[in-house]
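The chains carry the letters A, B, C and D, assigned in the order they are written, with residues numbered from 1 in each.
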Amino acid sequence: MLYREAGQYKTSYAADMAVFPILQDRIGLVVILFIAFVVLPLVGNEFLLNAVLIPFLIFSLAAIGLNLLTGYAGLLSLGTGAFMGVGAYACLKLTTTLPQVDIVVWILVSGFFSAAVGVLFGLPSLRIKGFYLAVATLAAQFFLEWCFIRVPWLFNYSVSGAIEVPLRTFMGIPITGPTATPLTRYLVVLSIVTVMTWFASNLVHGRIGRMWMAVRDMDLAAELIGIRLLRTKLLAFAVSSFYCGVAGAMLVFLWYGGAEADVFAVDQSFLVLFMIIIGGLGTLIGSFFGAALIYILPIALRAIPAAFGLPIRPATAEQMTFVIVGILIVAFLVLEPNGLARLWQIGKQKLRIWPFPY
Amino acid sequence: MDILHKIFIEPFLQMGTAPDLLVQTLWDGLVSGVLYSLIALGFVLIFKASGVFNFAQGIMVVFAALTLVGLHEHGVPAFVALGLTVLVMFALAFGVERLMLRPLVNQSSIILFMATFGLTYLLIGLGQLVFGGDPKVMIAKDLYLPSGAIEYKGLGGFVSLQKIDIAAVIIASLMVAVLAVFFQRTRIGRALRAVADSHQAALSVGISLEQIWVIVWFAAGIVALTTGIMWGARSEVSFSLQIIALKALPVLILGGFTSIPGAIVGGLIIGIGEKLGEFYWGPLLGGGIESWLAYVIALGFLIFRPQGLFGEKLIERI
Amino acid sequence: MRAPSSHELAVGEVLLAVEDVSLSFGGVRALSEVSFNIRKGEIRAIIGPNGAGKTSMLNVVNGFYQPQSGRIVFKGETRSQMRPYAAAQGGIARTFQNLALFRGMTTLDNIMAGRTLKMKRGFFWQLIRHGPALQEEIEHRRRVEEIIDFLEIASIRRTQVGRLPYGLQKRVELGRALAMEPDLLLLDEPMAGMNLEEKEDMSRFIIDVNQQYGTTIALIEHDIGVVMDLSDRVVVLDYGRRIADGTPDEVRRDKNVIRAYLGEPHGVSA
Amino acid sequence: MRSIDADLDTLPKLLIRNAAAIGKRPAIRHKDLGIWQTWTWREMLEEVRAFSVGLAELGLERGDKFSIVGSNRPRLYWAICAGQALGAVPVPAYADAVAEEMAYILAHSEATLAVVEDQEQVDKIIAISDRLPHLGRLIYDEPRGLKDYDHTRLIAFEDVQRIGRNKLASDPQCLRRWEAGVADGKGSDLAIILYTSGTTGRSKGVMLTYQNVIVTARNANAFDRLGQREEVVAYLPIAWIGDHIFSYVQSYAAGYCVNCPETPDTVIDDRREIGTTYAFAPPRVYENLLTLTMVRMADAGRLKRKLFDFFLGVARRWGEQILDGEKVPLRARVLYAIGDLLVYGPLKNRFGLSRVRVAYTAGEAIGPEIFRFYRGLGLNLKQLYGQTEASVYISAQPDGEIDRETVGKPSPEVEIKISESGEVLFRSPGVFIGYYKDPEKTAEVRTPDGWVHTGDAGFIDPKTGQLKIIDRAKDVGRLKDGTLFAPKYIENKLKFYPNIREAVALGAGRDFVCVMVNIDLTAVGSWAERNNVVYGSYQELAGNPLVYAMIAQHIDELNRSLAEEPAMAGAQIRRFLVLHKELDPDDGELTRTQKIRRGFIAERYAPLVDALYSGATAADVSTQVTFEDGHKGMITARVAIRDMQPHAAPAQIGRAA
């Protein structure tokens, strides 16, 4: 209905292969970015920025990471939490050993560390698939978790055994640490997530994305058209872990401001996995949808009763969340195995062919 | 040099010098191994029959135990509670088949796997809502489970065997025996085995897939209940168990997803392996390696023998 | 309507030769001492009753199965076994008896994927997806579009192949193979399960491929009629042994072949 | 008659002008290999020049005739201009013409060379080549499948261009000579010969000069203020004057861009992508779109359908007034605005009509309902009246002066008069110079002082001062009792029902009026689906009693409306039947432009006609049919006949609004 595609013709493959070939979509994107970068910072209060948007963005990035691996390359991983952890701890070590380097740089660099770890634990993926691989990644999860607890060097021997985020500034503005305002942190997170999402979409729309999907859909055929399976899978692990790593680093440095190992426990892995299941495997936008639903739902659950003045124990809300998320997952798999992203597409299609039913 | 010595010599010297500790460790390993096997058994049952990789097996253990204890707390006599719990597990199996498996039939196995994630969350939430999240004590006494320990002197020291552990081992073996008989002798059992090979075969035996699913999930539920009771009696009934239950995964890797003997042997290997590792080598790494040793062992297997100990070699036909 | 041109080509030099290849799974013998060759530019048919080992033969040629004994000479290079990747790089493309498409991807992406080996731009250019990476993408898209045009599948360009009817999927798979610009194209029952019309189309495509791109083709086909007017030479397998090899007419007259097809109890699906 | 300055009096000259003046603007696009390949005027000039020189090298000379066969593709348009640049005369033939017609046109025009689209056309021409002594080389655009053909005679389009480019490169004088050749062309030269598939008899070759087409095109562009920025989709037969003027001459004159669809059956999608701004289509196209809409909406959800119907109501009530800028109540404006957002806008968008500034319907009368529908949507749809002999334009409706029943005011520089017999005559700069090799026919049609007989009966409508066409002059007849009988008029009114594809009205010199009806398979088919009427074949569906009932209803409505027109009241339909097969150009029942050949049909279905008037309730008929591949077969059927009750003329007379 809102789509007016008449007159949008493509005279070049470049235009035809654009990620957003339809004008209205491009407009929509610009609007969203405008809201995200300009409107929200202006209107958003501390709660919105700090308790909703920042974590939402961070989890979205983690979800994108996992989606690249599981949704695009078809490699099931339960180690997301740990890979995020690697990022966080790497970042801590980096910024404490070389404080003068800008923290944002370190956050990104720490991604490379988790990428390396990811590749290491991805090695078995040549021989094994599906659940077997999931177990392999579980090994990574638990081993790394153990390291986070048992290797004091990682958390700079802090007595609490927790990461304590130091104050870091960029051009005088505190970015991390207690004095950093939610707004600055939000903007940093937003910028990083935006750029990395753009990279991700470039990847999946090009040769590499096709290689991943080929391996996912039919690895034998993939091999036959000259795709080196191990390389491709390891690349997926590397990129995915990089994203998770950065997300992890941001989680601690730009949101919690300090964290213990259990932040990166296996539950975290599951949570991110749910995000991409519900959001939609093999779609980037799905990663955002999933993150929104899984992360913001609990907040809503706590908010709604409060709004109606019903007192509800946080514990109960917690448990309700579990129940609802559980039901949601099953319901989604039953109703729309392809997740929210699919629903989104269907709706979009309906709008495009409106008023016709087909 | 020194480190090599620490790794390859010292532990064995210890074993030699203190055989009682060795035996003790082995025993402990055996017991936890048995419990791993039980959980793995639950996985295998369901996987064999419905090809579903039931991630929820672990939580089912907790849920069963919790229900039992919870009911008793509300004044229900122990054995009545036990009976009711069995019913609950049946209801669960039934519900799962109706609301989850049936709608998802013909979906790819990964989807079904994900669905069991959902189930897991649902059960966690439900369990906590109904019975509260805090740990509970298993009602061992009311179920006439033995307590206390047998102390066995000798081996230049003494080994203490918890009676409950002995009971656990016995009951576990009994259950395995029963299941074996069930599979070998009974008509349903054969049907189940048939399903594992081909669904048509099962239908030819005259049992609908739906029924079979209910049955296996129920069976898995019972196994879970037993596991829950035993484990609960040894330590306590808490949700942390659900993480421990993940240990069943390495067990399955070793044993193979479809082999019951595999599950048992695998369970024992993992159980004993990680206890030995923890006791003798753990200190080198600052302890706590129990949490991942099992997985790393499994990983090793995955790379060198993907099909597991008993699993049959899978050839890719084009 | 075979072109005279490709008949002359048919007596061209040997592109690939299989020499006393034997293959067995566990105890089961799939192939025993099979030898035959494929000449540049010809259309070579491999026929035989069910379970004769035809598909196994192809799988040996492009490296899915490792023969226990025997040699494969490809482009004058002798090796005891192929590796899938090496085969692909060497220019061997392949379609499958029961489709091996990337079901989750569109027709366009499937065929584009066929160009993977030819695309060189590295990871970091891919990240940007501008400049060289885009240039590369565009020039390959162009080639792919020609294939799409050639196979007359323009209308399904953006359809997920999983949703396509069987006949079209077969075409897309052929397209993906063509995208590799192979020297040797292996077709495993390209017309299995097609109706007459689809079969005619497919035959036309196969011939056109052979003519316009001069691609050497080795195909397994059950429909003997099709085989006979498509192929320049036919090799016949039965129980994993070669029982005949020659022009369609020679083969048609060969008594072993007749026995294999009529005498044997086991299935004749020709 | 104002003439045009000498440096712009031929199309090649216009091309050169455009290349110089607006060289960077797109001249032509073609949806090929997935995208819209585009050529600017400068690039197009280069292509045309190369091909032109190539043709010269192949021996094409001034005055030679050469044929063009195929669907709308840039290269075929280029071929036309390339030939004209050499002073040769293009003779386009209908791509879907059967070998028979093709043979006639090529032989009669003595074409020495043919530029064809693909293998299909090549085969067709090779099959008849023994009847074409003059024909030399065959140039093909699409090489697919032609590899093994004998290439002594065949040559690929790009090879001809290569010859041309080499020549241009090797011989510095060549370019000069070519341009000189173009300069030699004069407005009075013969530009093109278009064979009109006349509604009767053999088709005649209409000869048009550059003067004719260019002046007409100029005037048309001025009339609708068409400029460089128009986007036109070329999808109608190249060999038809309409397409020649709209997609070729007007484009060259105004410098706007012509877009060639990917395939004939992707036209709607391609039109949407391009978002054409200047659209031209025969009523049939609009009918089909409307039918398509209704069929699809019938499958839509209830709520959506309600919404749709409601807003269509609004559009029907207010749409046209708003379009014509009349005063309407605010409520209507608001409703219409909402409707535009929810229905009209999306609908036009789906059909690719959102950006249309001017849309024409012509060729034959369009149904008032259809006309109102599109105008209601806010589409500036207008009627025009034209002929090959006039280089299209005779009359057209100026913006804002739209009337459903008329075909507009005389186009610029066109004079119109009505003969006492009621026939429409015109005189204009576009008037053709004669029929090729057929002076006496020419004399019949064109008077010495330049007036041309249109062969249509009509009158200037006093209300609007616009021309109104009732029927073919020779078809206007009278019943035995002398009541006026205009078959076309009745047929059109019938065809306005989506369920009726064609109708043939009979009655001249008879006691009463009868019709033979052709159902529309799409519409009736989906109707059948919805009312689960099972049918195995077109024939079976056509014979279905329920279908008869439905048609009977339509005819009854028509009779009522006829009853209201005093002149027509006597000509109500008394009996009808539904034909068992679709009328088809390949069987000569329709012209290539889909006009029915009434006389031919009447004799072809004589048994049915007799039965209609003998009072029989059914009749057997067996007819020969031609299939795509040209081979023939017989089909026989028993066709039922129905009687209708005429309505009494209303007491007080006056056209009901």
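We adopt the following convention: a residue touches a chain if its C-beta (ideal position, glycine included) is under 8 Å from a C-beta of that chain, and two chains touch if they have at least 3 such contacts.
Source: prediction; values computed, not measured.
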item: Shortest chain-hopping distance from chain B out to chain D; value: 2
item: Leading chain pair when contacts are tallied as C-beta pairs; value: A-B
item: Distance from the mean Cα position of chain C to that of chain A, given in whole angstrom; value: 42
item: Gap in Å, rounded to a whole number, between the CA centres of chain D and chain C; value: 48
item: Chain A and chain B, separation of their C-alpha mean positions in angstrom; value: 33
item: Numbers and ranges of chain B residues touching at least 2 other chains; value: 318
item: For chain A, residues that touch 2 or more chains besides their own; value: 12-13, 16, 220
item: Numbers and ranges of chain C residues touching at least 2 other chains; value: 64, 96, 100, 141-142
item: Residue ranges of chain A in contact with chain C within the complex; value: 12-14, 16-17, 199, 202-203, 205-208, 210-211, 213-214, 216-218, 220-228, 235, 282
item: Complex contact set, residues of chain A against chain B; value: 76, 123-124, 127-128, 130-132, 134-136, 138-139, 142-143, 145-146, 149-151, 220, 266, 270, 273-274, 277, 315-316, 318-330, 333-334, 337
item: Residues on chain C engaged by chain A in the complex (per definition of touch); value: 62, 64, 84-85, 87-89, 93-94, 96, 100-105, 109, 112-114, 116-117, 119, 121, 123, 126-129, 133-134, 137-138, 141-142, 176, 180
item: Complex interface listing, chain C residues touching chain D; value: 1, 3-5, 141-142, 145-146, 148-150, 154-155, 157, 208, 211-212
item: Interfacial residue positions of chain B with respect to chain A in the complex; value: 53, 99-100, 103-104, 107, 109-111, 113-115, 117-126, 128-129, 133, 243, 246, 249-250, 252-253, 257, 285-289, 291-292, 295-296, 298-299, 302-303, 306, 316, 318
